[in-house]
Every structure is written in structure tokens, then in C-alpha cells.
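Okay, here's the structure, questions in a sec.
Letters A, B, C, D, E and F mark the chains as written, and numbering starts fresh at 1 in each.
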Amino acid sequence: MTSSVFYSEHAWPELEARISAGAPIFLPLGATEQHGRHMAINVDVELPTAVAARAAALTGGLVLPTLAYGNRSQPKSGGGPGFPGTLNLTAGTFSLVVRDVICELFRQKVRKIVTVNGHYENIGPTIEGIELALDRIGRDRADGLVILRVDHWDLVRPETLARIFPDGYPGIELEHASVIETSMMMALRPELVDLEKAMHDGPAAFLPYDRYPRPCEEVPPSGVLSLTEGSSAEKGEWLLSDCTAGIVEAVAREFN
Amino acid sequence: MTSSVFYSEHAWPELEARISAGAPIFLPLGATEQHGRHMAINVDVELPTAVAARAAALTGGLVLPTLAYGNRSQPKSGGGPGFPGTLNLTAGTFSLVVRDVICELFRQKVRKIVTVNGHYENIGPTIEGIELALDRIGRDRADGLVILRVDHWDLVRPETLARIFPDGYPGIELEHASVIETSMMMALRPELVDLEKAMHDGPAAFLPYDRYPRPCEEVPPSGVLSLTEGSSAEKGEWLLSDCTAGIVEAVAREFN
Amino acid sequence: MTSSVFYSEHAWPELEARISAGAPIFLPLGATEQHGRHMAINVDVELPTAVAARAAALTGGLVLPTLAYGNRSQPKSGGGPGFPGTLNLTAGTFSLVVRDVICELFRQKVRKIVTVNGHYENIGPTIEGIELALDRIGRDRADGLVILRVDHWDLVRPETLARIFPDGYPGIELEHASVIETSMMMALRPELVDLEKAMHDGPAAFLPYDRYPRPCEEVPPSGVLSLTEGSSAEKGEWLLSDCTAGIVEAVAREFN
Amino acid sequence: MTSSVFYSEHAWPELEARISAGAPIFLPLGATEQHGRHMAINVDVELPTAVAARAAALTGGLVLPTLAYGNRSQPKSGGGPGFPGTLNLTAGTFSLVVRDVICELFRQKVRKIVTVNGHYENIGPTIEGIELALDRIGRDRADGLVILRVDHWDLVRPETLARIFPDGYPGIELEHASVIETSMMMALRPELVDLEKAMHDGPAAFLPYDRYPRPCEEVPPSGVLSLTEGSSAEKGEWLLSDCTAGIVEAVAREFN
Amino acid sequence: MTSSVFYSEHAWPELEARISAGAPIFLPLGATEQHGRHMAINVDVELPTAVAARAAALTGGLVLPTLAYGNRSQPKSGGGPGFPGTLNLTAGTFSLVVRDVICELFRQKVRKIVTVNGHYENIGPTIEGIELALDRIGRDRADGLVILRVDHWDLVRPETLARIFPDGYPGIELEHASVIETSMMMALRPELVDLEKAMHDGPAAFLPYDRYPRPCEEVPPSGVLSLTEGSSAEKGEWLLSDCTAGIVEAVAREFN
Amino acid sequence: MTSSVFYSEHAWPELEARISAGAPIFLPLGATEQHGRHMAINVDVELPTAVAARAAALTGGLVLPTLAYGNRSQPKSGGGPGFPGTLNLTAGTFSLVVRDVICELFRQKVRKIVTVNGHYENIGPTIEGIELALDRIGRDRADGLVILRVDHWDLVRPETLARIFPDGYPGIELEHASVIETSMMMALRPELVDLEKAMHDGPAAFLPYDRYPRPCEEVPPSGVLSLTEGSSAEKGEWLLSDCTAGIVEAVAREFN
């Protein structure tokens, strides 16, 4: 019917055959979270989905439907829950979704799972979801199950960061909606980026603690935590290429 | 940036503007569930998404990311959890996702929500999720919030069913992966349908009760509960057209 | 002490002996939900309890205390939560009760369980409760456990429906507090039925979607969704007889 | 239709009228728990139901369906979970049922609630359920709601205990299935008591701590913690009379 | 590094060695709850911690960090939630903490656990937490795990009570912040007791039922349920000595 | 009775007075987690407790009992759950404890709360707990409540880091049980540090993803992620001083 890397575009007999042949299954974890005036709200969905799709194509894997709603956005990493447009899950709900999907994959005899995360705040609840799944499956009965948990930005090589930031990498903390994510989106979905609309109101200057309720003024009005200047599709390809290579390598190392 | 009907393809300022102008927000509810040897596993994702997108285009609305994992598939309505490829959420998890998304929409000042469901087993947990959201928001503080809960098949007109089933409609119970869903998929995603692969091993003959563990033989081996013969893209368009019209009418009636 | 079919009317040594001899255990699932001006609010408790008791008498089984509070009543199947007198559980709570009781029966070495349901809205949360119990027990350690899940109305034979509705069966959807339930109550608890008080304000004409908050006018003021005319104790006996026979047959088929 | 004290035996218009006239609503809380070889397993259901019914008759109240499954039986107060026949809920589930029923009563405009408990282990989870309900309702919006939580044995007067135990009251701790409960059952359901079957294998001699897993030998084989000698229906009536009077008095004091 | 009886004052290699050598592990369960004008709010933390430490010293055991927040204080046993200063957990949360800690101890290969409780209201949720842990571990895979659940006051010998209360023991029900607890605190933390500030406004005279919302006047204004007169450090030592001996004896009996 | 900064060492009248006078309340958040062969397992308890106590002394505040069990230790930040001695809570449980304590503080009229965290993995579940508390309290009824969430290491000034690491700061990621924590423990609890036992088996070299189950070899055998060389009590004082000053400044800025 199709040679798609997407799990959902196959009929069940093909899925059964692919799983039984050992295909790694990729679960992209995203969010619906503001990413500045210059980009669509689906950045954290598009990036891990694209990275997973490229890696799946190279490893004979299949990509599951992306979780498009992520754990609560925080001001220091994504603008925070109060930013217009952002729609969050609670940590508990997010963990249960991860738990359920992993338990179901195990029940369907999948033993090679890679979660590919695109939203910083998902890290903790993904770990919790994986642990809850292992509890439910029974760690002593998990029968060869291996799960790799990847945050795509951790796979970017230092050389690439040095090329992109010749004056020094400002650090992942402030990269929300900034050069890295903007460049990757320009490579993948240029129609959803409009650099004209990027404001230069950053970088954010956060206090060294969180306050509840959040003070209104702490995030730059644009929602961009650092800068977008210098973003380009070419740089986006460098980044996507690193992320893809990193996953392919991890799959080769861990699933044999 | 874009005139997309999809919420996720806009930057936050556009979303803020559209919500504040009263755009209805559509939440498609799907599932990753086998739909026979002749169709991809994403039928319950594609159909409500497409219906919601058409309705949004006609009502100035926006379509949220579809929930692609649904409540536990049952043998009598979807082949059941044991069918290869199917990946379910528990009812509790599904309800919490619905609850969280609705609470977040309310927090973002959305007051017009339409859930468009494509998976029979989602009905109960969607109701539960809506009720939990209203509990959390506070029914006396819900401030004009109206939620419409639509199952797309309920919007098909009797005349259309009569045209499609001149010998009598077998009833929605057995329509899983059968003429209605197959026709709609042929209209929408013909490359994900291969009628050559459809087997004629139905209709299913279920006992008038459920048994746990499920007996293996009760669902036809193909996973189709009834028949696929006579499916066509043209019929699919009739059906899509009814569903769209039904939602547009409901929006007009309820959101003024 | 007693030859009662009710589990709760025996001392523990008798229960231990009966379970160890393989008695099927029946769990009736009911609700406290309005059933029109002409019937008491316990219809969904009385009917499954009576059906279970008759089936238990014929199969050497025992009937557990009925769950008298059911999952959230819906307008289209029971008048809805807003009707005076109705007292609902949330779906989550109902599922946990079912889970706990089944786990306890398993722990007490019961391996033959029949849930007999009298409330439409209980179907989903009962399935969830059974699945949660099997998760907790461990599906690979369930050791011969078989659970049958019965909705009593599904056991009525087409011939009986044809006899009761010579002009055609309006369908189970609108049967709430109508001829079927009224007739069965007249057979079982005639003192709790007063046909004089039945109003002829139906049938309900529902829109093809749900709305939250619910519009006040959609359910007929009486709470009866269809008609009560023609109800009789004799018809009630036909129905009870079918339901009983259906369970006896299922027990014979599945528990040997 | 009926002048029953039981809520479930009325049609909704009568319930609406009674609630609006200020009828106190009684919720009996029971358990399905062994009570020796000489009594049926429903003692903790029968006693609070009967006490509530008598009190309702004297106060114009209505008695809800009894919760027939209680919180985990403990060896020192009921023989423990391992005793044959006993079927427990977890504390969490029991609390949620209490929470849901109270929230629903509040929603139905009931403002006078009396829980009448017959099972020692229910005390804690009932308190939890009431507190969870008040949290959910909102303590500042509870609008006149008053809940009385009664354990029936606390309403027995010292004079009555002195009459029943002329040699000194052994204390409520060991009264499980002993003279007090046996006498009350003899007054209420004599056909479910068979003193011939009472063994004299008590009183239980517990260690001053709990052990998990429980040692097998700690509860007397009969399941009776103390003695049954001297039980009589007459004494049962004294006890029922005290309990009823105590509730009537509490209702008079608190609901005006 | 240290010969401390406190688990938390060792580095991991010592803990690993001690656990593998079979050291019993003590988990003190406390509360942050008012104890009159004359004592600090940490009585329920100090007492079980001290008792556990003494018992650990005599049995080669280790004492875990005390749970300092307990289950909801009740008026009749601790003054109730409304008393200033008291900070409660819900029963559900408390049970989950107990569950998690026990599961973790089991995972770390601990097979001898003693919970030492100092707060009456913790009893039920501790039992629930232990049962939930055994469910999660799997009762058939618990591999020699034994848990003793101790309430320290149950280990006081009748002779000691007779010495302390020559005119008769008023009963544990009213002992909150009274002679027993005051004496033990005087022995352990005299600087946190100021008998000058003790008021003589008791004993409490409770009605034989609970009322929600609680009437303000039922607890004596001081928060002491009975009397403090006659408290002394010497009596405190008698009590501590009984509690310690009781645990040492239980450990010897059960862990061989 | 006492001038202690610790909440638990006061009787309720003093607490009531202090809260009503506006004392900020500090909640230290710790963990029971391995910290190398050279330090006791209570590092994450001791450090935030000490920092909170110093800040409380300078701001007229009170320090609550420290949460001594933290969220699941991760290999990259604490050695991971498999390290001997470490005892974790699940994320869900930890969040519920935080939620409950904050709700109780609010109920006791506290409006100035500072959480002082010493365990990296607590960050996410603390945020979740605070959000759940605000949901439960009602954000529109929170009546002046302000919560500051502090991770103590974020308050260390760059100048101090430069003094301690003249060759460059290796980054907080690898600081587990290394120079910063070791120095602070040497300043606070020198008897719980034994530098002789420190091994030089680091720094850890982690792969850029997580794997489940965790590979055994990834954490250095000692459990120290970086180095301990150069640790000193003097440096510890510099660090404690920065942390304290940072909190005092935050309190001054936010609570006026």
C-alpha cells in the first residue's frame, strides 16, 4: 500500500510483519507551545517528527503518531503557560499517555522503542511514564524490551554548534524559538516561518528563582528567549543531520 | 503566515486574535486501530480531522491537533485490543487528556469548542473528560463556555444511508472498516486504501455478551466487521458532505 | 442456614464451599436514576438483580450485592445528570469499584464471574474495570478466570421484541423507562409502578450531538424517552424469561 | 406510590418534593465481611440499613442504597482480608464512592446528610470521602450543607451495655460477630443467624502490632473475635433502640 | 564514618553492607499537629523517631527519615484540621508515600521493615500503603518480606499504665497531648515542653458522632484532650522503655 | 518556649502569631540519595535545610520539616535509582505531597512560601505540585499567595564559582557529590564527610541519551559524577553564604 515511515499509514498485516522483523518504533513527543511571532505553534511537534522520520528511514523503523500536547510550558524554557496559544497537559496526564503507549507497544511485541522529544518540559514526565510502564509490565518480565529516550538537541555535535555560533553558544537554556529551532523549521516547514515578524526583544533576563504567580514582564513580549538573527535553512539542515545521525548511531549501538 | 484551518500552523498572535474574535475550536478525537487488511490504521484519525477541517473552513474555525490514540478498542466495534497494530489508551488516561485540553482552551479564553469523534469507544471517556473539565473549571464559573460533542457518523442523513445501502442499512454497529469508513477514506486518502486486499470474511457474528479473555475466533480474520463491497470515493464524498453540513449547522445553532 | 441465591445471606463456610465447588458468581450493576413519574428510581437496580437471581437459581450460582450507584446518567439514555433524584458516580470511581470487586473475587478463588448490567452508561466503565482488574491480577497469571459481561437487554430474542412491538421496535436507544423496563418492573415490583402517573410527552427528539451545558428542554418532562403504553406484567415476564435463558445458556457454554 | 423510607422506592417527583421539604438523607455504609460461622456475611449491611430506616421513619428522612462493599477488613476488627467470603474495596475506592455520592446529593440540593456506618474499617475512608467532597464542592460554597457521620455502636448507652454485659463490657475492639452484632441480627434477620453453629474458640489474642503477611493463626478459626453466648433478639432490640434514638436526637440537634 | 542508628547518616557502601547483613529498617511515621499550648508541634515526630532509634540501637537496625506530615488530624484524636499550626496530608497522599518507600526498600533488598507510628490518624492510611506496596511488589513474589506495623502506645504495658494512672487509665482516646505524650516529650526534648503554659480546660466532651463542618466549641481551647497534670520525665522514661522493649521483642520474634 | 527557626519546635499559639505577623514559611525539598563513598546519603536533605534555616533567621521566617524523600534519582544527575541506598518517590507522589503541604499552608493563612530545593530531580514535580495546589485553591481566590521556588545552586554567584573553579566551572550537570556539595557538607556536617574515602573514578561520561534498562557501567563506581578534589569547608561557607543571601534578597523583593 505504501512505503511510508509512518506507522499510521500501514494496514495491520504490514505492521505485524514489520514489528516481528524487529523494526525499531519511534515515538515523537511534542507540544503545542508558542514559539515567537515568527513561527507557528507546532515547532515542538514538527522537529521531533521530522528527526524521527529521517532516522526511521535509515533504520527500517516506523514513526508513531506524535504526542502533540506536551507537559506544562515553563517561562524559562518556553514562555510559560500564560502565553497565548499554548495548550498544556499536566505532568500526570502526560506520563500516563507515555505509560499507556509503551505498555501497548510491549503488548504488540515491540521490543525496540525510541522516544524522540522536542519539548524541554517533557523530559521529567517522559521518564516517569517509562518507569510507570516498566512497573506495569514487570521489570523481570520485560523480556528484552529496550527503550531509548532522546532529546534531539542533545545530539547536535559541538562542531556544529561552533559553526552556528562562532561567537559562542549561548546555551540550550535560552534557545527556545531562537536560532536552532528557527533554522530547523526553515529547513522543514519554511512556509510556517516568517523572519520578518521576528522581534529583537531578547534575550530574556530571568531571576534565579521561579515565582507563582509569574510576574508578567519576565519573558520578552515576542516569546523568543534569545535571538533569531542568523537563522537559516542551511543551518537547520546541519542540525537535522546531526540529530538524525545521532539516533541512527544509538539504534545501531543499542538494538543489536 | 498562513491561512490554514489548523491551529498548530499559526503563530501565537494570530491564534490570540482568532480566539478573541470568537472562532470555534475543533478537537478531533481519533484512534490508532486496525481497519482491515485494505486500509491504513489511521482511519479514525483521518476522518474526524478531515470533517473538522471542512467544517472549520466554513465557520471560521481552527482545528486542534487530533488525539491519535483512542480508548481501548473493543472487538464488537473495532476488532479489539488483541488485533495487531492497535494501540490503545486506558479510559482514564483518555479522559484526562480531554479534560486537560478543554481546561487549557478555557484558560486561553476559548468559549466555543467542538469535539469531533471518529472512534466509537471514545464516546464514554470523552463525556467523562468534558465533565471532569467542567468540574475543574467550576460549572458556575464557566462563563459562556459551550462544548458540542459530535460523533461524525451521527450526522449522516437517512437519505444518504438509503442511497448507499439500497438493500437496507446494516446498522452502525457493524460498520467498522466497512462501506462507510472505506468510502470516506477513498475520498480522502485513496493511497491508503487497497480494495484488492479486502477479504470477504464477514460479517462478524458476535455472541450477545462479552467474554474475558476474548475468544480468538469472534472477529473475522480481516478485522472488517461487515462488508467493503460497493465502497467508493463518490459515496465517501456524500458522507463527508453530510458530516460537514451537520457540524456547520450545529455551530450556527449553538454558538450565537 | 438458608438456600438463598444471594451471596450475602450465607455464612462464610457455605460461601467457601460453594466457590470451591465452582459456583458462578453474578455481579449485578445498577444505577440510581430517574425512570419517569410512573416508576421508582431503582429500576436499574431491580432488573439486573432479578435477572441474576433467576439465572443463579438455575445454575447453582450466587448473586453478589448489586452496585446501586451507576456511571453518569446521560440525557439520551437516562434523562441525564440534571434530572431530580438521579445520583451518579464518575466513570473513574465506577471502574475502580468493578476492579476491586473482581480482584477480590479472584483472590477468594472465584474463577467464574458474570456481570449483569442494567444501566446503559455502565457499559464502558465496566469494561474498563474488568481490564484494570486483569492488569492487576496479571493476564498471564489469571489462572482460568473467565468473566462474562452481560447487558440484559441484549439477551431479549427478536421474536419477543416482535411480539411486544407489533408495529416495529423503536430501538433500544429510546427504551429508557419505556415499555420494556416498565413491563419488567410490573412483573417484578408492581407496587413500584403507577401507570396512572405516566405522561405521554415523548418520544424524545434529540439533536444528533451532545451539548454542554445541556439544553433544558431536550428530555421530555416526564423523563420517559419513548412511550409506556402497552406495558404489562405479562410482557415483563416474557422479557425476564429471555434474559434468564440467555444467561443460563452463556454460563453453560462458557463455564465448562 | 409508596410510603417507603427507602429513597430508591420513590419516583423522582416525590424525591424532589421530599428533598425540597428538607428531608434528611441517610447513607448506610456497610461491608461484605465474614461474621462467624453462625451469621450471614451481610451483618455490616443489615445493621446500619435497619438503624437508618428506623431513624428515617421517625424524622421524615429517606434511606439511600447501602454501600455493601467496605474498606479492607482487618484481622483485629473483622477477621481480615484473607477470611473466606470477605470482599473488600481499597480505601481509595471507598473514599471516592463516598465523595461522589455526597457531591451528587449536594448537586440535588440535599443539605442534611447522615452517614450511618456499620463497619469499623470504613471510618477513616469515610472521613476522607467527606473531606474530598467538601474540597470538590468548595467549603466556602457549601451553602448550609451539614453532614453527620455516625458509627452505630457509638450510640449505645452505657446503661444498655451494663445490662447486656453484667460482668463488664469487653470493649468494642473484640465485638466483631460477638454478642452485640449477633443480638442485633437476631432481632432483625433471625433466619440469617444459627447459634448452633457458633463455636467457642475465642476470644482472639492479638499481638500488640500488625504483621504483613498476616500469621494464619491469630484469628480464632470461627472468625468470631469474642463470644456469642448470651446473644438474644431482645438484647438486639435494646441496642437498635439506642442507636435509633441517638440518631433521632442528633438530627433534632443539628438540623434545625 | 559514623555509628549512627540513622540510615541517612551513612554513605551508600555502609548501607548496602548493613542491609545485606539483615539489619531491620525502621520507618517512623509522624505528623505536624498541634499538641497543646505547652508542647511543640512535633510531638508525633519526636516520639516515634526516638522509640525507633532506641530499638534500632538494640537490634542492629537503621532508622529512616521520619515522615513528618501525617494523615488528616481529627478533632477527637488530635484537635482536628482547623487547629492553628496543624499541617495534614490527605489519606491518599500519605498512603502513596508509604507505598513508595516500602517498594523502594524492597527494591534495595530490604526484607525486614518496621513502621513505628506516632499519630493515631496514620493507622488506616499506613495499612493502605502497605497493602498497595504488596500489590505492586506482587504478593507471590515478595520473597521473604516481612513488615511489622507498630503504634507505639500499644506497646505500653498495663503495669506501666497502672503506675502512671493510679486512679484508672482514662483511655487512649483522650490521651492526645495529655500525660502520656507530655511525659515522653519531657524525657526526650524537655526544652520543647513548658508545663506552665498548660491550661486545665479539659477533658474534651465529644458528641457520639462527627459533624461537618465541625462545631467550633468541641475541642478544649488549649488543644489538650485530657489532662497534663502529673506528667514527668520519669514517667516518660517508663513509657519509652516499654515501647522500646516491645519493639525489640517483636523484632526478635518475627525476624528469625 | 524556644526561639528556633524550625516551625516544628513551636507550640501552636506561637505559630499562629508568627503566621499572622507575616513570617515567610520555608519548605526544604530533599532526597535520600547516594552521594559517593565519602558522604552520607542525606546531602540533599542537609543542604536545603541549612540554607533555609539561615535565610529564615535573617528574615523572621520559619522552616518546615524537610521532605526527605525525593523524586526518582536519575543516573545523569544523582547516580540513578539502582544505586544502593537511594530511596525514591514516584513523581506523582512527590507532587501530591507538595500540593497537600501548600494547600494546608494556605488554609492556615500563610501567604508567603519559599520552597528550597536540594535535589535536581525534584524540580519538575515541585512545579507540578505547586500548580496542582493553585488549581485546588483556585487561582482567582488565592488571595495574595506568593510562592517562590528556589534551587539553591542557582543562587551561587558567578564570582564564587570562578573562585572555586579557577580552571573553569565544569557545569552543574556533573556536580553531583562533587566539589560544591562536598564543600557545603564539610561546612555543615563535617562528621558526615570522609574525603579519604573519595575515589577518583570520574568524571562520568554519559551517552547523549537515556537507555532503559540502564547500562550498569555508565555511572562511575563511586557514585561521584565529577571530582571531589579541592573541596573544603571554607568553600562550603562561600556557597552557603551566596545561597542564603540570594534567598534573603528574593524574600525582600517579592514579599513586600
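One rule holds for everything that comes next: a residue touches a chain if its C-beta (ideal position, glycine included) is under 8 Å from a C-beta of that chain, and two chains touch if they have at least 3 such contacts.
All values reported here derive from a predicted model rather than from experimental measurement.
Peer 1: Could you figure out which pair among D-E, E-F or B-C mirrors the A-B interface, over half of its contact pairs being identical by residue number?
Peer 2: E-F
Peer 1: After a C-alpha superposition of chain A on chain C, what does the rotation angle come to, in degrees rounded to the nearest 5?
Peer 2: 120
Peer 1: Between chain C and chain D, tell me the centre distance in angstrom, where each centre is the average of that chain's C-alpha atoms.
Peer 2: Centre separation, chain C to chain D: 26 Å.
Peer 1: Could you give the separation in Å between the centres of chain D and chain F, each centre being the mean of its C-alpha atoms?
Peer 2: Roughly 47 Å separates the two chain centres.
Peer 1: Show the residues in chain B shared as contacts by 2 or more other chains, in ascending order.
Peer 2: In chain B, 90, 92, 138 touch at least two other chains.
Peer 1: Please output the residues of chain C touching chain B within their complex, sorted ascending.
Peer 2: 71-72, 74, 90-92, 95, 121, 123-125, 127-128, 130-132, 134, 139, 142, 145-151, 154-155, 207-213, 246, 250, 254
Peer 1: Enumerate the contact residues on chain E facing chain F in the complex.
Peer 2: Result: residues 1-2, 7-13, 15-16, 19, 32, 34-42, 45, 64-66, 68-69, 81, 83-90, 92-93, 96-97, 99-101, 104-105, 107-108, 191-194, 197, 223 of chain E touch chain F.
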